[in-house]
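Here's a structure for you.
Note that the chains take the letters A, B, C and D in the order they are written out, and that residue 1 is the start of every chain.
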Amino acid sequence: MSIEVVRLDPAREQLAYAFGGREPLLTVLPGTVVELTTEDCFGGAVRTVDDLPSQVCAFPYLNPVTGPIAVEGAEPGDAVAVHFADIRPVRDWAVSSTFPHFGALTATHTTAMLHDALPERVWLYEVDVPGGVCRFQARGSEFEVELPLDPMHGTVGVAPAAGEVLMSISPGAHGGNMDTPELRAGTTAYFPVNVPGAMISIGDGHCRQGEGEVCGTAVEAAMSTVVVVDLIKGAAPAWPRLESADHLMSTGSARPLEDAFRISQHDLVGWTASLLGLDALDAYQLVSQAGLAPAGNVVDTTYTMLAKLPKSILGHATAYDGIHSHLRGIAERYLAER
Amino acid sequence: MSIEVVRLDPAREQLAYAFGGREPLLTVLPGTVVELTTEDCFGGAVRTVDDLPSQVCAFPYLNPVTGPIAVEGAEPGDAVAVHFADIRPVRDWAVSSTFPHFGALTATHTTAMLHDALPERVWLYEVDVPGGVCRFQARGSEFEVELPLDPMHGTVGVAPAAGEVLMSISPGAHGGNMDTPELRAGTTAYFPVNVPGAMISIGDGHCRQGEGEVCGTAVEAAMSTVVVVDLIKGAAPAWPRLESADHLMSTGSARPLEDAFRISQHDLVGWTASLLGLDALDAYQLVSQAGLAPAGNVVDTTYTMLAKLPKSILGHATAYDGIHSHLRGIAERYLAER
Amino acid sequence: MSIEVVRLDPAREQLAYAFGGREPLLTVLPGTVVELTTEDCFGGAVRTVDDLPSQVCAFPYLNPVTGPIAVEGAEPGDAVAVHFADIRPVRDWAVSSTFPHFGALTATHTTAMLHDALPERVWLYEVDVPGGVCRFQARGSEFEVELPLDPMHGTVGVAPAAGEVLMSISPGAHGGNMDTPELRAGTTAYFPVNVPGAMISIGDGHCRQGEGEVCGTAVEAAMSTVVVVDLIKGAAPAWPRLESADHLMSTGSARPLEDAFRISQHDLVGWTASLLGLDALDAYQLVSQAGLAPAGNVVDTTYTMLAKLPKSILGHATAYDGIHSHLRGIAERYLAER
Amino acid sequence: MSIEVVRLDPAREQLAYAFGGREPLLTVLPGTVVELTTEDCFGGAVRTVDDLPSQVCAFPYLNPVTGPIAVEGAEPGDAVAVHFADIRPVRDWAVSSTFPHFGALTATHTTAMLHDALPERVWLYEVDVPGGVCRFQARGSEFEVELPLDPMHGTVGVAPAAGEVLMSISPGAHGGNMDTPELRAGTTAYFPVNVPGAMISIGDGHCRQGEGEVCGTAVEAAMSTVVVVDLIKGAAPAWPRLESADHLMSTGSARPLEDAFRISQHDLVGWTASLLGLDALDAYQLVSQAGLAPAGNVVDTTYTMLAKLPKSILGHATAYDGIHSHLRGIAERYLAER
């Protein structure tokens, strides 16, 4: 069977800054491989350490996303699967920065305080894709260190429910700016479909990111990315779920952070119960002993936590009839043939 | 140089249920190896699935700790280091349970709601120390699965500041019931000294625990544990810190969970800055891209988050002049000679 | 000078369920009196104690609002003022209810837990407008009590910034479902203008409401309401502000609740500083000693707190050049002539 | 019947800085009037605007309390009632201040951030007891304003449960530093008894305080205070409750602030249900429509919210068999005879 491959290279004026309320740039059949490009969260406007984001970027034109991509046949109540086949930095540099009143260790517009903003500072990273590293250079001293590349997308999701249109920097039940390093190549993300076609958008590529994205930005980069998109009829999860080679993951995005934790754990307990035929209390117990709970972001309009379960304890059970392996197979064939 | 080894096997009536306000059971010199035993969080009273904790345990006699151990020469402003050399389940069984109005996915006395408590249920685990596994058996169906042993202590800390006496189930700046799986053999924990002698206590052994300890209890077990205790003059951290072979870790315990996150990240930023000679913003940036942020507990009186930094990026810098390696060396000699 | 009076009685199919993304139903000049009607939060579908909201209402068709009303000349950066001249229940009954997984003392989709939903129950109130009371009748016993009428609107606001479209049940910087009893007749609300025309919508009338709206709904009623709408060029507040005969009030809507508190207090400190010519620390001190801090709602998608300052301490200073008194004057003339 | 009156004027070295772990300074029979004096939260060390608290006060010697007062016959499971008969500033001045990393609109040790502390500033208030006012003088400009005196105690409580010893600045289920303006003369506070004698302590007098105590301190003053102490066998509330002439009030102290809200509302729902013979849902509904929800403090180690119900809706029902009226009667007789 041949693989359907389509390409999406949006022009600058086609970039979107929200989830919902947009016409699709592309419509694909389930099972299609989509090669796409994404601009960085600054719209490419921060190119030197002197390009302060608050000066060169204009709210709300931040965090552009590529899409939406409509999936044929997707109806509310279904799930769409987005498998990340490949995520590759486009340039040999990337940037990060602090931003006034944004981040986890600063007063913000929500955690409002009488402090002046922390200084705005930009870091330029050299990106060595063949070498698999990016280079951090301190601004206030001579320190340098290489960090492993671990490319990912901070933002991926679908049109929200209830006709809402949400800024691309907001994570929620529709996905969006979850900012978890788990969204790397090899991972499949599952989203609930809220509108016909689902309307998938992707952006905010990171060469790498720590858990929590503490200062508010990652190693931000334009990306050349390949995803395989699929449809699972009638299987809408309440919140985005992820699957990697080794783990099932539920996400929750909310404030306070314990509510993001609760949402993600509650979803994972229910998912585990249904996969293993357990009652809720037994699944609660099993997740309590076997699960992991890393932070996604603790800086955006809502915070994101993940609940992770090793697939090793699932025995023969597979999520969504093994669609992750199926999509991984397509991705590997595509990559081999490319 | 010979290793000083002492033993602490408290009688049942010697167990403590608080940090602070207790006379030491033992006083040791810095560098001493302490072999000790700890009872499980239920005081050993839950031995079958019919022993409901709310019936067989009596508040506040929960979560007994072994100690305090006074360290000679420890004064306020110093740090004590507790290196976990070995943690070994004593029995061939362990228990876990739900507990009325306790846990992350239930109404509690703090997150007060009009719901009745979730059902109280006990799980009995078979523990196979040589095989390195414990066996989960579902109560509501036939499902069973083996989980790897990963023994740890949920509770370790010192007497609090300001003369406070805090229940052993409360984590805080003095340590206490942080309930992080990182407190396994091979890890060194650093605590601020608040009273002469520091007054270290240890308890709440877990055969293993998921991050967050979602249902409120882990695979609870009495332990035979070996620690190496040391003193670092004038080096009191603001909050407990951990060091493993691969990572530096700062902890924060607070509510809401984002404050626990903030405390831990703030401490790690400061620690990183001081180790690498960075200013605060550069350290903020580096931690943002290189750090991990797993949950400890999201069920206790305060919640615990960890901020983890790979030691690989530290170059030649070492925390506390390499005391972790030094204590690990003592532990390995002890274990080899035992 | 004659008063411009216009009327807005939307048909059922004209009701909106969101802020943003709608064409105006009406465009008015600054200074216009608008007589309008609003349906209750259930769209009028709950009329007996047997009409359970989860059965007779269909998400997302909840909390209908009347509007938007465009204000001529309103541009981003301006403020619009909405003075409530009169709020009058239309029917001789009103309803309240619990709703599955909604409210402050129940597990919700955000504060996710393993509990089943609390029972859904409807209360029907007799409303006696001339007598100024509504009658609570217990469902589980014979108890009855009259409560004073104190009509208000839970929901009032403008189109959000950044092109967002938000469900009418969500409060935020654009106003929306703040659910504070302070939104009664005699109060002026000030909103930032985010889009040309501001696009004011109003709904969710309550015969009365406790602070916090603990169970999730108030004494819900269709209303016949009169507002006076005005424009203040270049005076956009960061968050909605209210002014009554006796108090200035800043609002904040966020989670956790302390962030809603911080936003409201931060805004009130800044407002006080500017009105009295104080520096930020002096205003912080004065608000700390003289301010009030009641809850608005602690049940919606974000929570609302108010920061209130008695106008008695302002001396001759007036907010927005005394526009509140001006609008109150128009309202009184209108009411006298009606 | 004669009134038993005793006096408690602790020497400086008798002041306590914690709840729990102290021997009583005084033991009284139920029904006794106690005349006592309290020092201000700075121990009287801040007397001019140049006395910066961080320099003239030494942690943990902050927020001294007078007591403990043992109540004869008080046993765990009972309630003690503390009726405030009179609260009178001792001096003709009072002070307030910011304090580094303390307050609601600043980074703190818990809400940890990279900001430097806000400036530390002291305000000196003239106190005119006969005139009923205190005078605020701005530091950064010429502004002055008189504020009404409304004397209260920020701190009152009993020894905590479980043998804990808690700093006097921490509010909780034992009372402590709740910092609500409702603790004025005319109010009765009810506390659970956790240890024999209950061990009541009182301090932290405020000439007045805004709700939330935003900057972290109120108009701090030494007080001459009269309380009537009583015992209610077997009636321990879960959390401190207050009763004034017009309102029943439940308190909750926790973080995040919504948990303090939940605790207080949950308690008030239960209290209302038991007083009026309602089931929980009916009481939930009634409190939702009739209750008030002001902030106590949003600055201390835990935050305090109040849930208030007008006694007018209680009909003939009275809390604790009318003990508030009884104690008010004793207070009035005492004051008349004084």
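The rule is short, and it goes like this: contacts are C-beta pairs under 8 Å (C-beta built on N, C-alpha and C of every residue); 3 or more make two chains touch, one makes a residue touch a chain.
Bear in mind that the values here come from a model prediction, so they are computed numbers and not experimental data.
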Pair of chains joined by more contacts [C-beta pairs], C-D or B-D: C-D
Farthest-lying chain, centroid of Cα atoms versus that of subunit D: A
Distance between chain centroids, defined by C-alpha means - subunit C, subunit D (Å): 33
Between subunit A and subunit D, centroid-to-centroid distance (C-alpha), Å: 48
Whole-Å gap separating subunit B and subunit D, where each centre is the average of the chain's CA atoms: 35
Multi-chain contact residues (two or more partners), subunit D: 105, 111-114, 118, 255-256, 262, 265-266, 269, 281, 284
Subunit B-facing residues of subunit D, complex: 17-18, 20-21, 59-60, 109-114, 161-167, 238, 252, 254-256, 259, 262-263, 265-267, 269, 280-281, 284
For the subunit B and subunit C complex, residues of the former touching the latter: 105-107, 111-116, 118, 256
Touching residues (chain side subunit D, partner subunit C) in the complex: 96, 98, 103-105, 118-119, 121, 123, 136, 138-141, 143, 145, 147, 208-219, 255-258, 261-262, 265-266, 269, 276-279, 281-282, 284-295, 298, 303, 305, 307, 313, 315
